[in-house]
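In the two complexes below, chain A is the common chain; its partner is chain B in one and chain C in the other.
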Partner chain A sequence: MRKGSKWSSIVVFALLLSVLLAACGSSSSSSTSSGSSSGATKTVTNLMGTAPDYLDPGLGYTTQAAEPDWISYTGLVTYAHAKGAPGTKLIPGVAESLPQISADGKTYTFTLRKGLVYSNGKPVKASDFAYTIQRSMKLNWGGKSFFTGNIVGAEAFDGGKAKSISGIESDDTSGKITIHLVAPYGAFANVLAFPSAGLVPTGTAVSNLSNKPPPGVGPYMITNVVPNQSFSAVKNPYWAKEEIPGIPAGHVNINAKIVTNTQAEAEQVLTNSADVFDWADTLPSSILQQVQSQASERYAKEPTVSTFYFFLNTKNKPFSSQKVREAVAYALDRRALSRLDSGFLAPACFFLPVGMIGHPTGSCPFGDPSGAPNLTKAKKLITESGMAGTSVTVWGETREPRREYVDYFASVLNSIGLKANEKIIADATYFSTIGNLKLNPQAGFADWNQDFPNPSDFYLLLDAKSIQSTNNQNFGQVNDPHIQSELAELNKVPSTKLESVASRWQALDEYVAKKAYTAVYGYEDDPKFMSNRINFGSAIFHPVYGNDWTSWQLK
Partner chain B sequence: MASEAAIGTDRDGAEASGFPAGPDLVHPGIGPYRLAWRRLLRNRVALFFGGLFILIVVLCLLAPVYANDIAHTGPNVNHITDVVKVNGKSEEVVSSTGLPIGPTWQGRFLLGADKNGRDVAVRLLYGGRNSLEVGAIATLITMVLAVIVGLLAGYFRGFTDGVLSRLMDIIWAYPALLLGVALGVMLAVSGINLGLFELRGGSLLIPALIVGVVYIPYVAKPIRGQVLGLREREFIDAARVQGLGNLRIMLGEILPNLASTIIVFVPLMLANSILLEASLSFLGAGVQAPNSSWGTMISDGTRYIPAAIHLVLVPGLMLVAAVLGVNVFGDGVRDALDPRARIRIER
Partner chain C sequence: MARFVIRRVSSMIAVLFAISVLTFLIFQAIPNGDPALRLAGRLATPQTIQDVRRQWGFDKPLYVQYFKTMGKIIDGQVISYQQQQNVEDEIAHDLPVTISLAVGSAVIWLVIGIIFGVLSAVRAGQWLDRLLTVIAMFGVSMPVFFLAALLDYYLGYKWGLFPIGGYVKLTSNPWGWLTHLILPWASIVALSVGVYSRVLRSNVLDTLGEDYVRTARAKGLSERRVLLHHVLRNSLVPIVSLWGLDLAALFGGATLLTESVFNLHGVGQYAAESIGHLDVPPILVITMLTAFFVVVFSALTDIVYAALDPRIRLTG
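Here is the complex of A and B:
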């Protein structure tokens, strides 16, 4: 999963202008709405730098969408509401227990909890699960390949060759749900924890309902949507009856407001006129020192399970040469890249990040990532490769600091003897553009935030099976037989048994680092920054979904 | 919209050059351009601003000298983790929290650094070169194409005029900035490939071409109007009677009479082109990274206004000075060439 892209430059400019005009024209509305204590439930103002791509759970696929959808649409399984490693633990959601998995790893069986109702009061049925999955596939959800690639009959349904997914069976009387997979996939239970697999009633319109999200099962429900401006997450009146263990009821209602100017966003939280800063945004360096000195008790850096890297096209010159790729690994000054991210990037070299099972503990093959780069060695390797002077186009997006990363990377490539130029395109179209195989991009920015706590999720990006004509995620077109044979085995291992294969994942990740298939430069920390009205200590920063809105309490 | 002023009414030398005659304006033995030059020399304000513009141009042309011999860095070289001595104290070019160093008032990082640790002064001069280069090429494109279109439409009238004028109307119908952004965003990635003619996405000629094309109607329309008036004049009839062809009449008789209009338009279009280029670059549709222009520098600097206002202020001031310089000088040239002229660019 990637952090949601910002608007194109033009729209950002227009919004900036409108924000400025609004600021000049009237007193701040955020200060009045923030902390309103009218009624029984108090309200928190949560700022989001980027609007969710969709609030409809059948379509949402960015971190901004996952935050409200996670607490409003519970699936058969979900994650524990806890920070750190405990938060990556799967717990039963609308199912009574975690799935029973057949010995061959191809059949998952659940039983629905009894007496569940949606946020509109209607009862939940077992058949709603199949409808939910089919609906998100019909809506073309960004992660639908998790379904089509794994569930029996899902591909036929997606291609219009079947009216329903044959691999999902349900019995409304007993509440039993059975899912048949085409092959064992260890992370499938994690797939079912996506908010997009959170149940919606059968008959929910198969259209984008982001402006009026459908009913769901969860402590909150999403209302008052003003597209690209604001929405509310209010407490679900029916939740008290549900009593699903491990899912808290929440303490406050939440007004989410979209503020695209991160400077303004940070200032509002610093001055307590809004309550929560978007963790997916970078705290501007111009205000960071102020935050650290004036609000240290309500600000923290939270590590996230994410990898930032430059992809290198292994099919074409110059990065088809391992020596050139190694030269890049030697030449990158990861300390510099960390500064471009206001110090929020921890220098690193391995593809699997800290916090993910399989993250190598050994040293990096091309020097200490926190040390100075070895430009002499890099230049020598370029000379030896015979690729000196080869033209390279480096792709990037406009969003800060990603454009700055690419500026730096192009400068490094030029300094070691390649001839780099840049192509910076709008955030909204960046990944779909470089994911077009016809474009055959040579190098560029890429990042990945975990969809679920399983190394398979990261290795999707280096799996040869991911190479496709459009929406390609394996940007470097890495196709290594050793990786493929290892993934064939490791992907079968259920999430609950990942520890047993941790050393194999480590070995695979060390192999990838030695081959320098990607130029990994760091793992990002994100800011947990709140107003002084919120109980900062009890607010949970969740390892998968960021800020856990159910944990927010006013002092 | 430009008024279609007829310049020149007499059959003497002043008329042929397109200058109005009058007892206080015609000096026996002095040519019209010499007369204009004298008038310009008397306009101190115009000369001051013209000098300011020339100074900026010279400074920008000297960018490589400054970069190599004083700042010892290139415009796109990153120095994020470097340390520089300022007044005997070591300072990081970019702090660990990402804040760039401010002006050091010495050779290296004279005007500070940007977030990538690039020397702002060096980028300012190279950016100025890019801005001026784009402005100059765009002006050249505008003037050449506008004169051709204006001449053809005004001289031939009828069908030719109809087609060309409607084409100009179509271009004019779009706001210049929006048209520029649309073209810029499209061409910045794909470039232009017309077989023999190819421009890569990052080429400076792309914003120059966009700005140049967008402004053609602003010049072509008044020129067409002037040609419509000139073609009915007696000296054109005389040329036809002498058997001169259309091309010779256009180039030999009409074009010289457009000279003063063209001269007046050049500085105005230069200023407008520099401004439009800056606007396009500010919006990401002009000069492409990592190359700088004043517009891209202002755009990049807006993110750091509270902590590093110099990143916006310095290129902004240069842009204002350059545009003001060329505009005021252009007004002076217009006044000198034709103090009574009613030619104005109106939007």
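Here is the complex of A and C:
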């Protein structure tokens, strides 16, 4: 009996310890509580498969960060809150109007709207813009090269040689802001629409404020941050209904929760215990059919402006031969690749995706991408090229279905007479590995999602000027004089006048397809999937930022 | 006792130092694992990468980097590369989840494992033994992540008996805390019950054949008293050792798969995400935490040993 009591004591002690320790710490909140009322404003539960990299606008760069930051930190310009092509249109943000651009394309002038206040009630000043840009540069924002490479004096500021950016002038009295560029860069207005250029007050700490994001100008503000677990986007009390024309005030507060298990994420939305599925996640094939059959009225496939392709090293054998590159284009069965992504990949052949100005409307040069491949022709081309039997290392990352894409690609290369082997590496090091010029990778997986709706953002990947020793993004080392001369002209055209050069971009993209510099195989679709509490029809899927949280409303 | 404590503390310091050096070096050896490349972003210029390298001290010799990181860990100031969050704050935030999961499941599997093991041994060869053997084999052969996914799918999503993942604080809603943890506990318990019950069955059967058990019976003690006071007490010694180490591993993140499936946001899930991003500071802290728990629980196990078997002395 005595020993029995001792043993029981150990068990009771362990249980008590468990309860005590579990009680004393803070922890994550429930994932099951769905939409609830919070005062007058209702709340919806938005699930995110991946946490935003940073909620501080000065650091955030991923799509997950852009979603909440876009509606909480408005820059001088922003995008229209609309779906499809109208959503790619730049509209004035905290500036009164779109920029006045000098004839040489090197000076952008804005005037700040009057009477604007931050989400803490303090007035917005013109000089806050320069502070915002300098802050994000000091924080090493992932896209800071857009600033250092374009704004006069930004590089000197970044290198510690200047105390401020000489190319940004502002006058708090008149609200005038002038930005001087090193050279004309047509997409610069798009750069200013990044949430990272969304104004924060002068004096905001130059440190990662993701746990307590700084005040901003926008219909929402980010609060209650539990890193990697949850945060809230609540309506900004200082945002009047028509504070900035074209930026809606929003209807609900949003409780964002990070759910890394995509299956559980989909199940919660399907059972209406959460409201929104993360569009950047893939709906698992195990639940896709149920979603399509049980929730067809609240599920849709939305095209995204992205290109999936295999890069081909044009500097080295065998892909230095155009015939070999053409053979690859003929041999790829893009329908098979689409099946590997549960049908979420629309077969394609052009580098500029649907939804991007300059996307060609004509037929593909090497057969219908939605049709059967032409293996006979491909094999013949390989024989003619004299490259049959050449060894090729195909690079890929572990993430599903990207590894499967590479498996398939290697099998295709083998089937047409090359000798392919795979090298699969961790996702975290993949792009930095293949971006190392010394490695000289022969072929492999690559993709691009637009940073902004401007074809120059995609052509950065085929621009010879992008070839660099580390972090090279022109993986195929494409260096074509025609592309370079066209880019030299087209990159100067301001975003607001892109339509005027659409046919020229189109011609350039058709030229690239004919040269088969890359083996493009598709554009990704993403799921728009919501609970039956949300008014699905009025919810906007934005072409740049995915789900537009300001458009969500309860039925 | 003092000698025991001193020896254990000094061995713990040595283990933590060795583990931290090894972990740090392993991540330095990964090809293209340079954190500056990831911190600078995909579009960074070589100059920006160089700036980041200098700013974060990645250009310093390895030993300097190591001691600087360890200094920050000791000061509680170490931040992750991936999101620049204070690692120890994150772990402190996640630890209650892992403790709830680990201690709860460890207690359940121990209790059930002992019941199953003893019943199997005393009914050896009979239908109950065979049934418990089948259950144990099922638990052992079922991968944790698969069982967790099945439980989540059928009991959570399909039949709606339990919440679909997530965690609720004990202090905010005790019932919610319990209901959110039942499925995660079950998925861990299934595996360990199988192992513990088989080990205990074997130990009990061996002990039942010992001379002192025959003597106890000859003295006229009841079968229940013989079983509980003479057989079970001696059979539990290896189980205690196993339990201590398993519990320590659970604290240190061995709950990774279960936490990920049920989206609990505990230390295990944090470890998994950090490994995916090759984020050295959190991995370093979690590895050291695991080692710490293993050493501490190993010491506690020795103390329990001594309680169970007076012949064992705490000599370190």
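FYI, the second predicted complex is superposed on the first by the 520 of 555 C-alpha atoms of A that agree within 3 Å, B and C clash if a C-alpha of one lies under 4 Å from a C-alpha of the other, contacts with A are read in each partner's own complex, and residues count from 1 in each chain.
By definition in this document, contacts are C-beta pairs under 8 Å (C-beta built on N, C-alpha and C of every residue); 3 or more make two chains touch, one makes a residue touch a chain.
Everything quoted here is computed from the prediction, not taken from an experiment.
Using the contact criterion defined above for the overlaid structures, shared-chain residue A:Thr470 touches chain C, although it does not reach chain B. Contacts of A:Phe431 after superposition on the shared chain: chain C is touched, whereas chain B is not. In the superposition on chain A, A:Gln263 contacts both chain B and chain C.
When the two complexes are overlaid on their common chain A, residue A:Glu404 makes contact with chain B while staying clear of chain C.
The partner of chain A that touches more of its residues, comparing chain B with chain C, is C.
Of the two partner chains placed around the shared chain by superposition, chain C is the only one that A:Asn208 touches, whereas chain B remains out of contact. Shared contact residues of chain A, touching chain B in one structure and chain C in the other: 10, 263, 425-426, 433.
Only residues 30-34, 37-49, 51-52, 55, 82-85, 90, 92-97, 99-100, 103-104, 106-107, 110-111, 149, 152-153, 156-157, 160, 163-173, 176-177, 180, 228-229, 233, 236, 260-265, 269-270, 273, 276-278, 304, 307-308 of chain C touch chain A when the two sit together in their complex. Contact residues of chain A toward chain C in the complex are 3-4, 6-7, 10-11, 14-15, 17-19, 21-32, 51, 53-54, 59, 61, 140-146, 148-149, 158-159, 208, 210-211, 226-229, 257-261, 263-264, 267-268, 270-271, 273, 425-429, 431-433, 435-436, 460, 468-471, 473. Of all residues in chain A, those touching chain B in their complex are 9-10, 13, 263, 284-289, 333, 335-336, 338-343, 372, 396, 398, 400-401, 403-404, 406-408, 410-412, 414-415, 421-426, 433. Interface residues of chain B facing chain A in the complex, by the touch rule stated above, are 76-78, 80-81, 94-99, 115-117, 181, 185, 188-189, 200-202, 283-285, 288-290, 303-308.
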